[in-house]
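Note that subunit A is present in both complexes that follow, paired respectively with subunit B and with subunit C.
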Partner chain A sequence: MPNTASLTICDVTLRDGSHAYNHKITADQIYAYAKASEESGFDYLEVGHGNGLGASSLQVGESLLSDYEMLRYAKNVLKNTKLSVHVIPGFATLQKDIEPAIKLGVDLFRIGCHCTEADISQKHISFIRSAGKEAWGVLMMSHMASAEVLLEECKKMQSYGAQGVVLMDSAGAYTPSETSKKISVLVENLEIPVGFHAHNNLGLSIANSLSAIETGARILDGTAKGFGAGAGNAPIEIIAALVKKLNYPTNINLYKALDAAELAANLFSGSLPKSDSITIVSGISGVFSGFSKPVVRIAEKYKIDPRDILTELGLKNAVGGQEDLIVEVASVLALKSK
Partner chain B sequence: MNLAQKLVEGDVTAVITKQNVKLDALRGKHIFISGGTGFLGTWLLEIIKELNSTYDFKIRVTVFSRKAKDFARKHTQFDNLDYITYINGDIRYLSELPLDTEYIIHAASVSDRRLAASTPNAVADTIGLGTMQILRASNLLENLNKFILLSSCLIYGKQTWDLDSIDEEYTGSISCDQVGNVYAESKRFSEILAQSYLNEYKLPLVILRPFAFIGPHLSLQLPWAGTDFIRDSLLGGPIRIMGDGSTIRSFMYASDYAFWVLAALANGASRKKYNVGNPESIKLIDFAELIVSQFTPKRAILTNIGQKNQSKSKLVPNVDNAINDLRVSVTVPLTEAIERTIYWHKESLK
Partner chain C sequence: MNKLPIAILGTGNIGTDLLIKILRSKYLECRLFSGRNLSSAGMVKANSLNIPISSDGIDAILNFKSDLALVFDATSAESHIHNAPLFAKKGIIAVDLTPAKIGEMCVPAVNLNDCLALKNVNMITCGGQASIPLACAITQSNPNSVQYLETVSSIASRSAGPATRINLDEYISTTELGINKFTGCAKTKAILVLNPAIPYVHMQTTVMASISNPDIERTRARVHEMVAEIKKYIPGYELVLQPTMENGRLITSVRVKGLGDYLPKYAGNLDIINCAAIAFAESIANRY
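Entry: the complex of A and B
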């Protein structure tokens, strides 16, 4: 029995993977992988710094290439697959970052913010919609809010003109039942399509993604070989296989998707995600996956256990963009340990 | 004069001629318009300008808005019209009206649903407290002939699918525990507040409940179906419809809207409430088709891109009361309304 609900599959390898590659993805890697993603038939390819447009900085990591260069390389390759970018208001500004991206031909802007702060997305969503481009809302660290709060925030984004909304499990902290509970509330109460972006800290990225689409989500994010922050994302080649098995209508060419994953394994060898004590503690503490690398680095400097830093950050409800907090927490823990 | 403004002036001339409704009660009168710099306010001024210049109505207007002075600077078609006075102010803090005010159109509101989503308190405050303030101030006037309260079709709640249209006595349900209903609930509060002034102080109240509109001066930044479809088409498309397009709405052209408001101001019976809108219904998919047919190459229409459990809805006014009491009509058919709206925006973008 074929599944009638069509799915939109977003390949965020060249954006979330940036976290895992210290934001040093090269032009050749972008060119080669974008070509493979296009052939795989994914609906969107997201490209850029891990924290999105305009985020390259000393604080969260400097990109090897400028946003403009990364997007131009990808755009030159893409024909049917649309180009998308992640946008966090504050990092990305309308004139400096978004206007040039619109001119360059970015098709979709995914406006991300902390899961309880949808208000800050209004200006960006409105601006992008006024320019005739597609805008979605993205609620990051969504494990930190209840289904009811997430619905309120998603409704705001819908009111601003967002044409889709994605829940990000930025810390890889979700379980399938929690995914189902939150997605179902959104699906039942929103007009716009609902999506899910998984991380694999607890080894549940595919299970959570499956739970999301079985509950009615129509958008799924994934990355080749799970190439992404922390323990990585839901491997998009497994998503491709899964939706084929379940007969969801998509544009995916499965063999090409599998080939793209093998290509990514070569392109980014040595940086593909793996489960370890850091990613697992990050998951159970509910700490943003992108914190893993700086946490390890800073723990080494202060000679303390990085897992203690993650646990403390979790207690403090730290969110993406608060990287400065890692040093603060580490220094306090170091003092206590003396 | 640019072609966009020429189109508006042509619309004004046409609507006054075609409506053929006497507005003589307004001759020589002083009208106070709160929120007079929005879509409706601009059109009211366009028509009053014509009534004064061609028909020698000698109407005086006070425009009260948070952006009144900015509006005056930007809308050069109203330059040097000494019968228009602009006052910058926030309706929540209005304490007095010009003493010789004889007619009031209370249109100040926050109708942008993006603001309602972000700042629901400000919406409740502006509509509720704002209405309270202007009612108090109105009560001090000696020569007030008519107070028009611009309410909203949303006060009716959900129109049931079996009804072709809803009249002024219809009552649907609205959940008062859903913050998304803050605009509708605030408008309901403003209505009952105004009714209380009518009851206690015999305020000469007429309530208007506008539906949906298109036309020049309506900002395409607003995320409504009509504005979304036209803006996306102007920018190359496609039009995106979350459901299958079977949702039903109606759209009235701006010049008819503004004229109906003036007709209610001049001739509306105190204590009456009137729906304002086009009684001709249209499915969203057909509305989108009418819009894309105006463009070459024809823009694509994407349907069913939202969640699959989209519920279709209907919102269409019965305007028999307005037609019978005010003798107004719909003079601009929808197809022409769309053509003219798109033409105006194209010319304005040049």
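Entry: the complex of A and C
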């Protein structure tokens, strides 16, 4: 039986991929990939620093290009595919970051926060809605909360005016059964569409994405060749093929999506994510995928096992944005190992 | 010696924690605890401690039967903008715990003596109180070579009340302005992260800097001195990562354990701004 509910596909290659590229994506790469994403028929293309607007910093890494430059390059190329940005309150402010992005023509603002902290998104969501732009809520590190807690947080975002909510498996820690349980609770109890954003630390990004749409999710995030933080995201070309096989209506041109993935493999060769002992330990420890690269770098400096750092960060329940903990944890572990 | 008569306006987490600290003070006496809601948790607590309470907000302070030398304003930036001229007219010193930024910014370890003659001082933010002394130590040790300063604070979700949550942007801009003002560094950035982990995490503040030619030994020595200075009024302020160069940036971190007065010890963010406010008020008391 054909599936009748249409899916919205968000290509977050030029945002999550920023983590895999030390936030050094160039203008040429943005031009070339944005054009390919547009031709693939993806509904949204998300662009920017891995941690979103206003996040370029010593804490999470400095971008090669400013937010403004990155968004302008993408905007110049996009016609049908809408431009989206990731926004984390605590990093991005209305005045410094969101107002300029609205002026620049960003279509969708995805306001993200740690999965139990939805109330910090209120001001940002309502501001964007009152400016006549589209706003979704995003709950990050959502493996750390139960379905019931996530529902409460999503309901808050819905009440602030969010027009969609996305659960992010920022640590790549979900299993398919956990995905279907959480997604189905949200789908049954919310009035707005629900989405899922996978990471592949435990090799389950596509399985979890499938689980999500089978239980009613209507939005999926993916990246070309999985180009993203940690072990990467759900490869969007595989999502494209899968939803075609399952007859979900989408705007995707499959061959173009496959071509876009090959293009990304060339553009970002050498930086495509791969599964290794770091990303696996990161997944079972439930640590934010964006930590992988700095953890490896800092472990080398302190001559300790990066997996020990990840395990310790997991025990400390570190959340995204707490990258400064890595140096402190490493310095303490190095002292202990002497 | 007579204690300095003070009032607290605002009965949320900050106001109530201030009250508990003032009850211990040898120099301050809380004559009035005023807010809007007699059934708020803070108000109930104050009443149980036999502190005079009122739900008339600022009016109760302006019409108070005897003299009040100083008021801690723990309401909101918007309210403080309204309240400040009224306090000034009554000759009451205002210690502003909101991000209203009307008065001179005060970080006791850095500029206490410059603030003692002022009628309105602003306590910046919790992250500002934790980071500015470190940022000053870094710029003092590396004159003319600090190009950029950044601070990140992570706090327990449970310690961030509704006002904090709705005002993250104000937190960021006030903290950035504070670092800029105290260090002269033009390019600053502040980030705030809420962590819901249970057991609750302690407040942790990190300062990072881009420095063209860092003198790391001198910076370490100065940071240690500064931390010792802060510990005098914030006992739970502890250096957990001494200044270290990593990936071209200087990074140093402190953890702030609270005294566990109103909220438990994890709420170092409440403690640090309140300890700073009390350090200022006690210095005023000692001048009388």
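By definition in this document, the second predicted complex is superposed on the first by the 338 of 338 C-alpha atoms of A that agree within 3 Å, B and C clash if a C-alpha of one lies under 4 Å from a C-alpha of the other, contacts with A are read in each partner's own complex, and residues count from 1 in each chain.
Note that in this section contacts are C-beta pairs under 8 Å (C-beta built on N, C-alpha and C of every residue); 3 or more make two chains touch, one makes a residue touch a chain.
The structure displayed is predicted, hence computed values, not measured ones.
Contacts of A:Asn251 after superposition: neither subunit B nor subunit C is touched. When the two structures are aligned on the shared chain, A:Gly132 is found in touch with subunit B, with no touch to subunit C.
Within the superposed three-chain model, A:Arg218 lies in touch with subunit B and out of touch with subunit C [touch as defined at top].
Contacts of A:Arg297 after superposition on the shared chain: subunit C is touched, whereas subunit B is not.
In the superposition on chain A, contact of A:Leu58 is made with subunit C only, not with subunit B. Applying the stated contact rule after C-alpha superposition, one finds that A:Gln122 touches each of subunit B and subunit C.
In the superposed model, A:Glu191 makes contact with subunit B only, not with subunit C. In the superposition on chain A, A:Ser271 makes contact with neither subunit B nor subunit C. Considering which of subunit B and subunit C touches more of subunit A, the answer is C. By the touch criterion defined above, A:Gly161 lies against subunit B but remains apart from subunit C after alignment on the C-alpha atoms of chain A.
Looking at subunit A, you'll find residues 119, 122 touch subunit B in one structure and subunit C in the other.
Only residues 57-59, 89-91, 93-95, 113-114, 116-117, 119-120, 122-123, 144, 294, 297-298, 301, 316-322, 324-325, 327-328, 331 of subunit A touch subunit C when the two sit together in their complex. Residues of subunit B that touch subunit A in their complex: 113-114, 116-118, 179-180, 220-221, 223, 228, 231-232, 234-236, 240, 242-243, 305-310. Residue ranges of subunit A in contact with subunit B, taken from their complex: 4-5, 119, 122, 126, 129-132, 134, 152, 155-156, 159-161, 163, 187-188, 190-194, 216, 218. Listing the residues of subunit C that touch subunit A in their complex gives 148, 150, 152, 154, 157, 162, 165-166, 168-169, 172-173, 189, 191-197, 201, 204, 206, 208-210, 240-241, 244, 246-247, 249, 251, 253.
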